[in-house]
């Protein structure tokens, strides 16, 4: 911050007194003494209550309207028999949209597949990323940590579509992996990686792994190395040190990393379309289907979205609470 | 930790780096392939696909469209996010935790559900799908990130700084613009670039709220559905380079904020 | 103006509580123009709350604050002609020294010429000319403290508040700055309201010290008053090293009080009040006021004793002397050179102040 020695143009007081000979007040002096400004501020700051109301009004309206509004409307629509409303017809209340979820296996299957996929991939990502985060936080010199982390962040900034496409090129029938296997003489015909559970899992982990890395890294980085040294001094072996010191102290990172990855993977839409096949249809595709086909299937889509949202939030909420009770357990 | 586990972990780390980078490198390489057919091996090379990206008026206009959406939605997110942060970082009041929870809400809603709910809400409000709807959805989606970054920075602003400004005759508005806002600058740069990247890369919201004109990710998606081509690689590579440059720049300004007072 | 005297600040019965903690209990105080007043006390005594109420950062629960006769109790900080030097200086990190100092002037709607002239004046007064284009993080602690002072003095306040501004400096620099600060106050003729928990600082700089404890004023007086004539046990113990001598009053007249101290007869002085005969009182006796003699001295008080403990403190040695025939009577004192264990101790009765509590 200190490396910006430019004075505000608005003030016009040059450093070193180079500019002199001005008999005008500065911008802020003129502003604060201007009649309209004074009238407004005198009104606003007349009472702390009024001040607070004016400060709080916009945020409260914004979060209620823009953040909560869409969700509430989605829930409302899920109980209507038709939406968007046709001209001259008032939609009626119905539970059919919710009921249809439990009636047809074509809906329930993708739902549970999504849950299983998301849960198992979250766990896999955790196992894969923990050593990476640990290595970065504990075995790399402070100065290099940022560099190595930055390197991992670059792919992270590239969007879902571009990265999914990269995976398609890697795993396609004429992709790099098949080319290598063929050149090595391990296969004659390309292995059909694409449009399977494998390619989808591979892609999802590829997309979400950094959301696991960041919280894990920051949790691990906060643990002072003296803690494990103290444990070693007291005779704890490597495994015990990890299990009794490092792991409990990184639980917070595990909790937020897993929650993030889980919520993101349940919400992916383009990736299952591009990488998955008919046998791997996920619930996001089911939901989206109600909005693509003609006809008024929106309420069913809304009901299914609500089911999905509630399930995802309840699962991750329970998980975070569980981890939370662990951290406040015997270690502290 | 023993030497062996250390070596093992460094192997895992570098394997992870390879895992992250190789697909992207292959994608970049494929953009140079002198053939319509996506696949290895690459026998002859060309720059035509890259030149084509800049010549294709559709791609260029979609690119500009995405940029306008990213910049506008980011400006909205920064304004609203900073406003909310100032409220939440101030003195406590009844319901603060609820406001905070609602502020963070868009960040924890899975992408597809967020897109669907915006689609339904836009219909309720009578907003046509298209640029305005996308900007609005992106702005809402990005507010939580702005709030988290700005609140973290605000928490480190000594209370005495704004008190000193008031002591010297500034009202709260002047004090905010002359003391608080300059202090937040690095956080705002970082959060702003992050929002732009999120908006620029967003597929699912742009897809469901988009009208006739696609954003860049939507364009790539629709091209992909009609078949892979090195043209897509070239477009994706341009996106990759741009986002990487912006990301690194933002990251560096965030780091500087950590060091400076 | 309603006041004809020299009063610039009138604190009229202010009280303040934070939740269940009482910070100030009906504080009354008048401060004269040009005075260097120090509020001294342990943390939580109410001194900082008083300062923040004067600055406008806290509203008192009751009472009024009058500045030059005008009620400012409910005015926000930006509407008061009061400026403050903060404990952490609170220099704006993104502004140069020059722009920090001109901040308050700009908001007074001074012209750029006037601002430049005033800033130059202050920077040269505080010997900061060379640093005008530096940023705060390019300055030493002492320089920052002077910039904070320049910034607070710039708008020409009626009252300058200083919130432990020397706390961040190292011990050697602090001693130097104490002298400088007193000098600046004298030369500007401003009223300084200084808050500290450091008794040395208070004694060195102040015209007047107000000792606070638990939201109340313990004693209000000149540094000498407080040091030599403490009124309460709290003041005696808080400022300097002191012996507390307790006993029954045998005789009290004209401020001279004879006390029976473990069978020895010692005489002290009482100020502003006369204790009753038979009352149990405590008197304070500074360690350095006790002299050592090889035979019974001619001073007002003389007792014979034996040194039982010596602690070397560099320039002098602190000793515990057992006096009289009773074990529990221990008198602490300082000696410069070598003294034998068996000694006579003597002190002036004027140096032994009988406390009021």
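By written order: A, B and C. Residues from 1 in each chain.
Simple rule for what comes next: a contact is a pair of C-beta atoms (placed from the backbone, for glycine too) under 8 Å apart; a residue touches a chain by one contact, two chains touch by 3 or more.
Just so it is clear, the model here is predicted, and its values are computed rather than measured.
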Looking only at which chains touch which, which shape fits best: line, ring, star, complete or other? complete
When A-C is set beside A-B, which has more C-beta pairs in contact? A-B
Quick one: which chain's Cα centre is the longest way from chain B's? C
With chain centres defined as C-alpha means, what is the inter-centre distance between chain A and chain C in Å? 56
CA centroid of chain A to CA centroid of chain B, Å: 11
Identify all positions of chain A at which a residue touches two or more other chains, and write them in rising order. 1-2, 28, 32, 45
Residue numbers in chain B touching 2 or more other chains? 169-171, 174, 178, 182-183, 185, 260-261
Two or more other chains touching the same residue: where does that happen in chain C? 76, 93-94, 107-108, 136-137
Considering the complex alone, what residue numbers of chain A touch chain C? 1-2, 4-5, 7, 11-13, 15-17, 19-26, 28-30, 32-33, 45
Contacting residues of chain C [partner chain B, same complex]: 55-57, 76-78, 82-84, 86-88, 90-94, 103-104, 107-108, 136-137, 151-152, 155
Note which residues of chain C are touching chain A in the complex, please. 76, 93-94, 96, 98-99, 102, 106-113, 115-116, 120, 132-133, 135-138
What does chain B use to touch chain A in their complex? 1-2, 5-6, 8-10, 12-13, 16-17, 19-24, 26-27, 30, 37-41, 80, 83-84, 86-88, 90, 93, 99, 102-103, 105-106, 108-121, 123-124, 136, 139-140, 143, 169-174, 178, 182-183, 185-186, 197, 200-204, 207-208, 217, 220-221, 224-225, 228, 232-233, 236, 239-240, 243-244, 246-248, 251, 255-257, 260-261
Within their complex, state which residues of chain B touch chain C. 158, 160-161, 163-171, 174, 178-179, 182-183, 185, 260-261
